[in-house]
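The data blocks that follow each hold one structure.
Next come two complexes built around subunit A: one with subunit B, the other with subunit C.
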Partner chain A sequence: MSVPAALDRHLRDLLSSGQVRCVLGPAAGCGPRGTAHLARTPEAVDRFELSPLACANVLVHLTSEEARRDDARRPVAVLARPCETRMLNQLLSERAIERDELHVVGLGGCRGVIDSRKLRERLPELRGFPEVREEGDTFVIEGEGMEPVSVPRNELLLDRCSGCDISEPLFHDHTFPLADAAPTSAAEAECAPEPSDEGWDYWADQFERCIRCYACRDACPLCYCEDCVLDRLRPMWVPRSVSLKNNTAYQLIRVLHLSGRCTACGECEQACPVDLPLLTLARKMEQEMRELYGARSGFDPEGRHPMSVFDPNDPEGTDFEEQGR
Partner chain B sequence: MKAVIAREDVGRLLAIAARRDELHVPVLDGGGGRFVPLNAEDPVPRDGLMLNGSSARRPPKEVLFAQTAPLFAFELRRGDFSIDELPPEAATKVLFGVRPCDGRGFRVLDSLLLGKCGTDPAYASARQGSVLVGIGCGRPGSDCFCTSVGGDPHGTDGLDVLATDLGDALHLESLTDGGEGWLRAIAAAVDSPLTPANPETDQRCREAHEEARGRVPRHVDLEPLDAVLERAFDDELWDDLAAACIGCGACTFLCPTCRCFDVQDEVRGDRGLRVRVWDSCMFREYTQEAGGHNPRPRRGMRWRNRFYDKFRWGAHDGQPACVGCGRCITHCPSGVDLIDLVERVVESGGAA
Partner chain C sequence: MLSPTDERAQAEFEPTIVAFLCNWCSYAGADLAGTQRLTYPANVRVIRVMCSGRVDPGYVLQCLLQGADGVLVSGCHHGDCHYVCGNRIAERRVTVMRRLLEFVGVEPGRVRLTWVSGAEGRRFARVIDDVVRDIKALGPFHGFERRAS
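Up next is the complex of A and B:
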């Protein structure tokens, strides 16, 4: 499986006509995790892959240091699932990218993607990047030298997908349905972040395991600062020593810098090589922003960040009249 | 010396080992597993001990080459500056359950940290007298390719003792003087669960080795690589190869042979600590100079550095500095495949 014929043609036309300078999208990986692919020529379009397994950090390449180096003004075409158009909206609202630098090829009828780690755990004998078919409420996985295996969808879906309520792109220049699967309303039960009863002890156990590889930050499309506070040596805001104290400082600074911006895409958790439950943190923060400020990131490309606007009715704001000023 | 121990007695063996030395064993930790100290009075974790199945995601490198190693403390007292040396590691460290690839990894660490360029005191004191008890890989992981880089699922290079999983028992064989001494001491303990090996267990051992070799899932031909690397340094291909990389340090921090470090002073008020912390050539500020010059400003150049280290500069005794454990492939957040990259470099043939 690569991409449907009509989409394939569209992408080739975009490249051969020179309308876009490259196409960014998902591709098959070596194992059951996808990878990002940047096609600069019509021939390179062959490598794109829309399987629900191919979903590894694509958008981060729009704002990475390497992308910034590319100063050509022609737009980049992006193959974006619905939740990724939400992230694009957020990037547009922050003016991290400009609308005329983007050509959004929306992928409609998204029913969610597979968590490669859940798949690996379910089928440890799996080798290479398997074929995946969607049949009703099951994924049919066909690996190298393996009989096809049917696994219920909810056992493999990424956590972010099971609570997702957007199945169509929020905006696009062109849109194509994903494979032939009939789009369904993806509105399954709203899944609140799992509260952790153990509270602080739970997070101390998690952060103690952090190896400070910075994968969570580097996989985040919204962590695009050229000069990150976490890299600073003079002054060294967060000491490089790995300890519960410093790891906690690292994670909390990272998460708080995303408050009101994070779309809970979960790339941080997917990237973590030691399985820290970082999406839980992200979702908790998203929920707080919603409850405190009624703010939901990524739904308005003109939206202002709740931390950067002044509202006299801010529930946490100072009551000036009461203070007699 | 060769000995056999019933699988259900492994806990007793570990209890004896923990009484003698500072023992480290691989356990599941919610993040794919790592080596942790096991005290004599601790219960041996039954389900969490990672002796069969997959290897610990974090290699045992960190036991002897800590991610954070304090070097000395300093303090400013009434205008006087004092330095407190930190006492060297005293206890002998025994690592039980080291995979053969990780055992070979210590050879690579030794070649730098105990090498002709000088000795790293923190590493040397931790490494002094250490005993690496290996366990063969009956079931190699999904991206293992040790046999392509000169290793074997039951390779002995770098280990002091090799254990082979016979199903209901482990077969132990000492490989060095240090390993012989350790195994004899365990056998001499009053409650030792070790029994002598016999021709039948030797035979089963050989069969297990043969079988495991056939189960290594991935292969790559390194033979043509060196000649290509000879001329590929200035090639444009490195930026293309690094295109999907997000520039984090997961590959280098999970690598059993990456050994770059940084030295930092962590100061608070009048007191401070000089620490040696792991560094990663995948980080943007790696080896950036004080004046701001960055010798590797592009991600492709940093990738090239890692690649050359693994397959050319870091090579010693005719073997690459990559031991084929597959961790950097399996756990790469962006799906970058080192084997695919080797093949693409070879295919490129280097700069014309």
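Up next is the complex of A and C:
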């Protein structure tokens, strides 16, 4: 299974007519996880893959050198799921990329994607990139040299997908329905649990495992600063040695820099080699920004960063009451 | 044997508090408290910044990381900011920072935000009293290390 014929034709036309300089989209990875693919020629379109497992957030490559190489005047086409159009909106609002540099091919009727970590846990014997079909409320997974296995959808769905309220692209130049899309059943519409406050002991256990590979930062489409504070030596915002204290500082700074911008796509958590619950932090911050300031990142391409504006009705930030003035 | 932290806790705990005071209001307020000969606890280490909106959450984190037990950010009252709305920006940043710290299990009371104008020397002294009392009650900060069990 690659991409539906109509979409395939559209992408080839875009490339052969020279309307776009390249197409960025998901492809099969070498393990049970998707990867990004950049097609510069019509033949390269074959590698795109739209199965629910090919879900790496490809937008991180949009701001990279590779996609910006040669002929920056022609746009890049992006195959974007609805949540990725939200991320695109955020990038547009930050002017990390301009609208005329983009040709958005929206993928409509998204029913959520598979969490590769959950899949690995469920089917540890899986090798290579399996074929995945959606049949009603189950995913049918067919790996190399394996009998097809049916797994209920809600056991494999990414946390961000259960409770997701956007199933259609927020904006697009062209839109194509994903193959065999069906409306979401009521059972899935229930939200993933609210992030709960676990206390320092829990987070100390988590942050202690961090190996500071910076994969979470590098996988994040919103971490595109060329000069990152985390790489700075003078001043050294976060000491480089790996220790609980420094790892905590690293993660907190990363989360703070993303607060109000993060769309909780969960790519950081997917990229983490030691399985830190990074999406929990991201979702918590997203929830706070919404509760405190009614700010939802990625819904307004003209929107301003909630940390750079204020509202006279903001909740009180001080708690000092002077008695008996 | 007691670790240095325990020994510190055993003696009368004197917290270290870093205070970021804005140049136009709170720093002048602190100055006035001094010229009025008001007494307030000597636990604060004052850092003058041009505006409370200039205080990056990263600064606050650095203080906590390097041994402060609490951090105070103080600026002008609403509407008085020399730079129009720097204090409102600081309010959002500090609020978000506090929520995040609370989520990872650090008492949000260690990061405080207040407004003190240049005419409020007495209020400044009271703010410091209040902050020092609250942070003493919270005890020494673990500095993002494991608590001794």
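Here, the second predicted complex is superposed on the first by the 292 of 325 C-alpha atoms of A that agree within 3 Å, B and C clash if a C-alpha of one lies under 4 Å from a C-alpha of the other, contacts with A are read in each partner's own complex, and residues count from 1 in each chain.
Following the convention adopted for this analysis, a residue touches a chain if its C-beta (ideal position, glycine included) is under 8 Å from a C-beta of that chain, and two chains touch if they have at least 3 such contacts.
Everything numeric in this text was worked out from a predicted model, so none of it was measured.
Shared-chain residue A:201: touches subunit C; no touch with subunit B. In the overlay built on the shared chain, the residue A:293 is in contact with subunit C alone; subunit B does not reach it. Look at A:302: by the touch rule set out above, it reaches neither subunit B nor subunit C.
Of the two partner chains placed by the overlay, neither subunit B nor subunit C lies in contact with A:100. Once chain A of one complex is fitted onto chain A of the other, the partner contacts of A:147 are absent, as it touches neither subunit B nor subunit C. Using the contact criterion defined above for the overlaid structures, shared-chain residue A:271 touches subunit B, although it does not reach subunit C. By the touch criterion defined above, A:253 lies against subunit C but remains apart from subunit B after alignment on the C-alpha atoms of chain A.
In the superposed model, A:213 lies in contact with subunit B only, and not with subunit C. Once the two complexes are overlaid on chain A, none of the subunit A residues touched by subunit B in the first is touched by subunit C in the second. Taken in their complex, subunit A has these residues touching subunit B: 29-31, 33-38, 56-57, 60-61, 64-66, 69, 120, 124, 126-127, 205-206, 209, 211-215, 217-219, 231, 233, 236, 239-243, 270-276. The touching residues of subunit A, counted against subunit C in their complex, run 195, 197-204, 229, 237, 244-245, 248-249, 252-253, 255-256, 259-260, 281, 284-285, 288-289, 292-293, 306-308, 310, 314-315, 317-320, 322.
Note for the complex: subunit B touches subunit A at residues 29-32, 54, 57-58, 67-68, 142-143, 217, 239, 242-244, 246-250, 252-254, 262, 264, 266, 273, 275, 277, 280, 283-285, 298-299, 329-337, 339-340.
Those residues of subunit C that touch subunit A in the complex are listed here as 57-58, 61-62, 65, 85, 88-97, 99-106, 112-115, 123, 126-127, 130-131, 142-147.
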